[in-house]
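Each of the two complexes below includes chain A, the first together with chain B, the second together with chain C.
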Partner chain A sequence: MTKERMTQVKMGDPLSRVESLLKVTGGAKYAAEYNLPNEAIGVLATSTIARGRIKNIDTREAERAPGVVAVVTHENAPEIPGYSASVDNEGSRVYGQEFRLFFDGTIYHNYQPIALVIADTFARADQAATLLKVTYEEESHDTDVRNSLDKAFKPERHDDYSRGEAGAYKSAPVKIEQEYQTPIQVHNPMEPHVTTAVWEGDNKVTVYNKTQATKISQKEIAKSFELDEENVRAYSPFVGGAFGSSSRVWPQEMAAIMGAKVTGRPVQVVLKRNQVFNMVGYRPRSVQKFSIGATTDGTLTGITHDAYGSTSQYEQFTERLLDPTKTMYSCPNLDSRYKLVRLDMSTPCWTRGPGETSGSFALESAMDELAYALNMDPLALRLKNYAEKDPENDKPWSSNYLMECYEQGAERFGWSKRNPEPRSMREGDWLIGMGMASGIYKAARDRAVVRAKLSPDGSLLVQSAVADTGPGSATIFTQIAADVMGTAIENTRFEWGDSTLPYAPGQFGSHTTASVGSAVYEVCTALKQRLQQLATGTASAAMQQAGPDELVFENGTMGLKDRSASLSYGEILKQQNLPQLEVIKESEGGPLLDEYSSKSFCANFVEVRVHAATGEVRINKVVSAVDAGKIMNYKTAESQVYGSVVWGIGIALMEEGKIDHRFGRHVNNDLEKYHVPISADVPEVDVILINKPDPVVDPMGAKGIGEIPLIGFTAAVANAVYHATGKRIRELPITPAKLV
Partner chain B sequence: MADDNTIDKTSQESDIPNNHSDARRTFIKQSSLLTALALAPASVVKAAEGKIDEKVADKFENVPVTLEINGVRKKLSIDPRTTTLDLLREQLGLTGTKKGCDYGQCGACTVLMDGERINSCLTFAVMLNGKKITTIEGLATGGELHPMQAAFVKHDGFQCGYCTPGQIMSAVACIREGHANTDDEIREYMSGNICRCGAYPNIVNAIKDVKNSGQKI
Partner chain C sequence: MKQFQYMRPTKQKAATDAVAKDPTALFIAGGTNLIDLMKREVMQPEKLVDINMLPLKKIEQRNGSVRIGALVSNSAVAEDRLIVEKFPLLSQALVSGASAQLRNMATVGGNMMQRTRCYYFYDTALPCNKREPGSGCGAIEGINDQHAIFGFSENCIAVNPSDMSVALAALDATVLLSGPKGERRIPFIDFHRLPGDQPEVDTNLMRGELIVAVDVPESPYAQNAHYLKVRERASFAFALVSVAAALDIQNNTIQSARLAMGGVAHKPWRLFDAEKALAGKPVSEESFWQAAEVAMRGAKAFEHNAFKLKLAPNSIVQALKTAAGIA
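== the complex of A and B ==
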């Protein structure tokens, strides 16, 4: 144990990320970067039709091309036992038949993988993939939600929700009835989807994988290949962003594993940028009919929300479009329905704020429209309808500091300086607009298991299978462990991203800190109790008798508060001749969680400048005030808010997956034409973190922060654009063409 | 080319090119093979007949390139289709430089060529003869982080870390070019590097910090 730098940290401290050095030096290895001995590269060839069958696929030339090791298609693919099993709608995360790679010649969507060309280098595999000759029996397809709203159906895993009287808004003195639309948006993490697979013998496989959930990878792959779970290792310490898009097993994983099986070599499969748009999930387009009514003083009397999403021909993907509507405001009457349209597209996938992001665009835009109809300040309307308890189930909030978000956000933003009149504020050619919106997002907690190992040198190792795709979970868990155990940060190490480590849920749904963090907290608490039990010798008698409040654990030492006795952790282990002290703890929260409704909250305030002649919209200023419970690390927490704000700017102003419906094919599937925000699109962002602990969700007091600031954000932009221009845009993104 | 081991058959194949690049490649292979066979010792000719003509073809179609990477001079034999990005990642094991799009649209692959930032995915490796390349692995000196690397850590200029090497290389060049005088200028001149996690405000702060510190970069 070195005595050089011993830093004590607390939860909340703005600690730099524990993996920082690897990330800034190029030392962090992502799934394509292991350069395994004899590794071959696989390139996926994809369909050029949206629906039909492969008539013939001629692979001869590709097989003969230089460096080619194998070409795998549905005609020669190894049998995947799980593909022939009956559909498991009890155990599956998405209802329906999962996509089966190279299973038969059926084409369900454009860009569907139809062959894997494996060669010794990428250039050769890529070249050979162009030599495949494919003919199809094409069938007519439908990729446009709007064509088929009349054929929409209620998904199996969705219950329509209502309270009070249906259609109550109709009799309100002031009402808004509108339709809002959001387009396809694509996660587009900077690292394209990638897997490198290696078999050891016939029944053991390792995948270096881009995944948010090593345990889901492990389980699903084991299921498909009928392997024992312990014989599947998903190794994913570094993941180049995911945002929901790596929360299930995708074709590149199956392809790499099949390719490695066929060739007997490690095989790496990386998707090309144009392949990530319609193969590995996307946020589906939404069409939402939204109506809201209020009395003349602004009291909400009724909401009717009919939402349409889309899914593939083989699965039913559902998202939480209606959730904000159900819970955001106090409103006695609400009826809502959610339906899906089947399209000849790949199955959509959870995308940052999945459902809430699109749903809140309708809700928070309509609230703004209602405020204008009432001649009322949009913030005042929200304050008026603040929900004292969760209107969906009448449960008390476990914590709710939305009022603080409103107050502090408005103050920092200067909301009071806003002239409510649309098109009233101008600087030269630029129209200025100010808008705001509220957000609500579930603060969930799931089961997790964590192992802690204390060594005689006083160092602590904490382990979990959890992934860290960028939010900073690994840093926070190191911090929780060091804080609870009183070990210096230099003596505290967290290991993650490996399915051989104890169970963790996927890093999604803003529940990672609450789930895995609680298990870290509890395993360290249990470890301290073990230390107390184990301590012997004259110094320890008093400590063994001591109650929890009389003991302090700090600087790697257990001692009495009055400092009359103390023992270092290392000494306790040495007394017992223990080479290591190990504790494993499973954690999932108690029954109290069910008695409360737990949510994170936010209020976003946005100032835009709209060029009067060209309709160009620039985001000028953002204040994002967030109640995410106790802040675990000020630095990474602010970064999470920045992330949501940048996503919100993209979704509000530019992101749109465009399909040429004649061909059922994306036309802007690259990063030049599918616009995502760049540095010049993002102004200074003012983040307000309320930082008050939630007493229910977890022992740290934390609630999720990764998604909440995005909820409602796009409406705040649209509301600001309305304020600037007098023009209400109800279909995202707000492009100049819609404003001029 | 398992069933295709004679020069005659190769030449027949070249009559039915599949596309431009393939035809060109076949031509290169053919011509280099012919040259090779004219000059080659008997063992090589025998090897070509023994169904390993492919390896011989590889040998002769590759292009010799001499360059300096992170201060180390290297003599390489390069498949002319290989991008600098793939050369770094596949052949040289320098995986710090990232592939985000392969079309010069995201900036994740940014490296310095003779001190200027380039998209390594848009630069064929055969164009590097005599050039000096600096990648993220070559930025720190003597075990000390480069000031820009340290500033990215301090300001949390990344989340997932995938665009980070490209951002850092670009940030170094941005200051050297004299394009880091105001926040807006930094934003404009860093806009070739996409960060999907949205670390832009922190990246701007990191660059500003390095610029204002007056450190030599």
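== the complex of A and C ==
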């Protein structure tokens, strides 16, 4: 046997993921892989019209097909009590009536699930689903936000924002007035959306689902089925990417639970790739009228931003398109409005950097246009308008190292070598361009509860319901616990992804580390205090009297700094004859959080090449400089930046959910026709992490990192393309068709 | 997906008989396109005749030509020493297609038989004359950014997606077929057809006929050949426009040229007139622009693919320049 390793780790160490071995050996079980005894498979059949009613749905042939157990439609679906309850606009996360699966024959969007065909195998369910005969009463529909701006309305959960004088840009000596558009982007995680549901009796259900928030799943399912929350278990330790698309309960969850109820068997429902495009959310297309003015020295004098998004007929999905505009730069006059257009589509959903990603394309493109109009360096324009405090509310920043991002990013990138003249740099047939953009994203913290259990063998177990959809949260929490407690990483285990564990918010909004990490930090701190209280015996008297600074917790022992006394955690528990020492701690940000404005910042520098003859755009180089507070794990943090950059390249150059508005139907809904970046599209990405702790947000000093590098990135690409070609592309994605 | 029968004959005759006798049967080789189409219920064969056991996996030097068996994988053709040396155009075209994993599965015959990637062909809820004759063409007034600028009809404006076929069309290849009525040979450029009023028929293959091999004649184009593929991402995407360009250059004069385009028509689009325009001309950008102008005669665009009217001639010139070594 090899000698057992005992590794002490610190927050920030580039620790590999705690679950990596399971993932690379196939040992990590995803929601579709439980293969429960007697499990049946459900396949969703979907509508082929965008709006209207189901006139008739003939299920007879499907029901007779081999292996079919049941066919569920709105005509025979079990009653879902929550579907008949009045709309709860106080407690819901999205305003309006949630989508109700198989509730009635109304069609709200194309690819709306209209039946669940359940059989003993997937192949048989899939074949039987083709045998359904559906007739519709079709109504005229609208899926095109651009042509319906006149129907836009102010959403219930949005307040327009202004400061100073409205329309002030108009009187500026130098101004830009433009319209910018961003396309529908589909999350398209590798793992499609899936749920396996199993009932135990009539009032207890377990769902093995793909979710970013086991507690939200639990709560929403309990509400729909009128169950006690403790009788709903959402179990989701491994998620194959989600990016916001698994932050709500969706039709596949409801279908699996209904199917399991109807058949009395565990039922699994996996969405097909083309169902992922218009059933489980997407980033809505945006149309933005953006105007900005400055004095001739580049001082911003006014911004007017009118943004349009879209939503479904039944809910009002809002996102933060205006946020970067409000807070990025010092500008005395700003007026902004955000409106929605109701379309015959499913409700959009939060998508990595929701709102900010689309909004920053307009802001950061317009800043570049303004820099050219001013004959000023785009970076100098940004430095000139740096906001010393948050211009939205005049609060001081809790921390802000944006200047360091600019400085270090520009230095590493070689920004000073850039010839500002468009079309001035060339390598053979390729035009070279350099562009940059800034980004800002909220650094939030939410309530979380964590339980820690110390065993007499010195091992530590830390538990939270939090999801880890891939960013490495479980690793970071293991690391925080091991660092605070001084337990070896091999002796420290974190358990997650299960709604039976203590409460955690959803893993979204770049606030998981700050929220759950703080609770881990605090529960371990509390556990140390308990150990100090419990320690007895001659060696312990001095330790009990010691102040927090005189004690050290390391290598699984508590001791005096001068090493005159020490006790292992196991010995302390044994002294008290304790089989286990358990502490639960609830944590949330203090009042200080309200006194400051907390944000993560970034500066992205991008070099592109554009083929002079074909208009193909390739990314040569990316430098992404990020202020995300204290970096909790260099390896997973860098990966988050890489991920954001890949997303940014996708939105900038190729991703676009295309809809034929005559039919209201997506036409490129597979991964062959909907392009995401492949390896060859992604160059070397140079990540600069400023790594300075934020003193306010959380005890570790961390701010969020999952989304900030994406904010402004698409504009950095568009700005580089302008620099390369002299062509300003204001509608993403930037394809050869727009440049040739 | 509809359930189907499956058989895997070891004799060629058994395979061709099985498909000849059963109008619902299809051959399957690599299956890289057919299986996708079956999953989306675009194609619903009741029987699959797997031909992978047939001895059609050789590349042979013959008198004046190289014979490539229909079941040789795309990656094997691309990497074959003979092919790389004599027909670099074909190797480049193959490598530009799909991904390494797909090229390992896909075969020469299967590549020739792959269907269009037109959006409307893939969605059974939308009209498509190719999938469902008489239902209309969804693309003509719909989203037609990927579509044809040459040789289309009012019934269909889809394009053939193959890269390999563009190179083989340029290289004067011949296709060897074997069917119930024996063997026959047809020029590669006559293998695929234009949509006309039967867009559901992609090729001139008769029922039960099997592609056995492709013969590529020796030619003087190995020195100056280039396959240019223009696409939205760096790899793993179908061509917006592609150009197979091959030149026989002596003393800076073009003796003869071979030129074909992909992504512009229902079949690989051989540019005979442009080839003639190049013959006898000096190697120069001017000669290439003249050829491109000739090549583009008769091109017509739809709402979203007008960019191809500019991209195509630009790409022809770019490919010719690269082939000639003056890019």
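Everything below uses one rule, namely that the second predicted complex is superposed on the first by the 737 of 740 C-alpha atoms of A that agree within 3 Å, B and C clash if a C-alpha of one lies under 4 Å from a C-alpha of the other, contacts with A are read in each partner's own complex, and residues count from 1 in each chain.
Convention: a residue touches a chain if its C-beta (ideal position, glycine included) is under 8 Å from a C-beta of that chain, and two chains touch if they have at least 3 such contacts.
On a predicted model such as this, the values are computed, not experimentally measured, just so you know.
> Determine, under the contact definition given at the top, whether A:737 touches first (chain B), second (chain C), both, or neither.
second
> With the two structures laid over each other on chain A, which partner does A:660 touch: chain B (first), chain C (second), both, or neither?
Only chain C is touched by A:660; chain B is not.
> So which one touches more of the residues on chain A, chain B or chain C?
The partner making contact with more of chain A's residues is B.
> Quick check for you: in the superposed arrangement, does A:678 touch first (chain B), second (chain C), both or neither?
Touch partners of A:678: chain B and chain C.
> After superposition on the shared chain, which partner residues are touched by A:298: those of chain B (first), chain C (second), both, or neither?
Neither partner.
> Answer with first, second, both or neither: which of chain B and chain C does A:123 touch in the superposed model?
both
> For A:613, using the defined touch cut-off, is the partner it touches chain B, chain C, both, or neither? Pick first, second, both or neither.
second
> Figure out whether A:670 sits in contact with chain B (first) or chain C (second), or with both, or with neither.
Both chain B and chain C are touched by A:670.
> Going by the contact rule set out at the top, does A:647 touch chain B (first), chain C (second), both, or neither?
first
> With the touch criterion stated at the top, can you tell me which chain A residues are shared between the chain B interface and the chain C interface?
After superposing on chain A, chain A residues 123, 127, 130, 670, 672, 677-680 contact both chain B and chain C.
> Contact residues on chain C for chain A in the complex?
1-3, 36, 40-41, 99, 117, 119-120, 122-123, 125-126, 138, 141-143, 145, 228, 230-237, 240, 304-305, 307, 310-311, 314-315, 317-318, 327
> What part of chain A is in contact with chain C in the complex they form?
Per the stated touch rule, the residues are 48, 123, 126-127, 130, 274, 428-429, 613-616, 618, 653-654, 658, 660, 662-663, 665, 667-668, 670, 672-673, 675, 677-681, 733, 735-738, 740.
> Under the definition above, what is the set of chain A residues touching chain B in their complex?
Those in contact with chain B are residues 16-17, 19-30, 32-33, 35, 41, 61, 63-67, 121-124, 127, 130-131, 187-192, 238-243, 270, 272-273, 469-472, 635-636, 638-639, 642-647, 670-672, 676-680, 682, 684-685.
> Given the complex with chain A, which residues does chain B contribute to the contact?
Residues 1-4, 18-19, 21-22, 25, 29, 54, 57-58, 79, 81-82, 86, 89-90, 93-103, 105-106, 108, 135-137, 139-140, 145, 149-150, 152-154, 156, 158-165, 168, 183-184, 186-188, 190-204.
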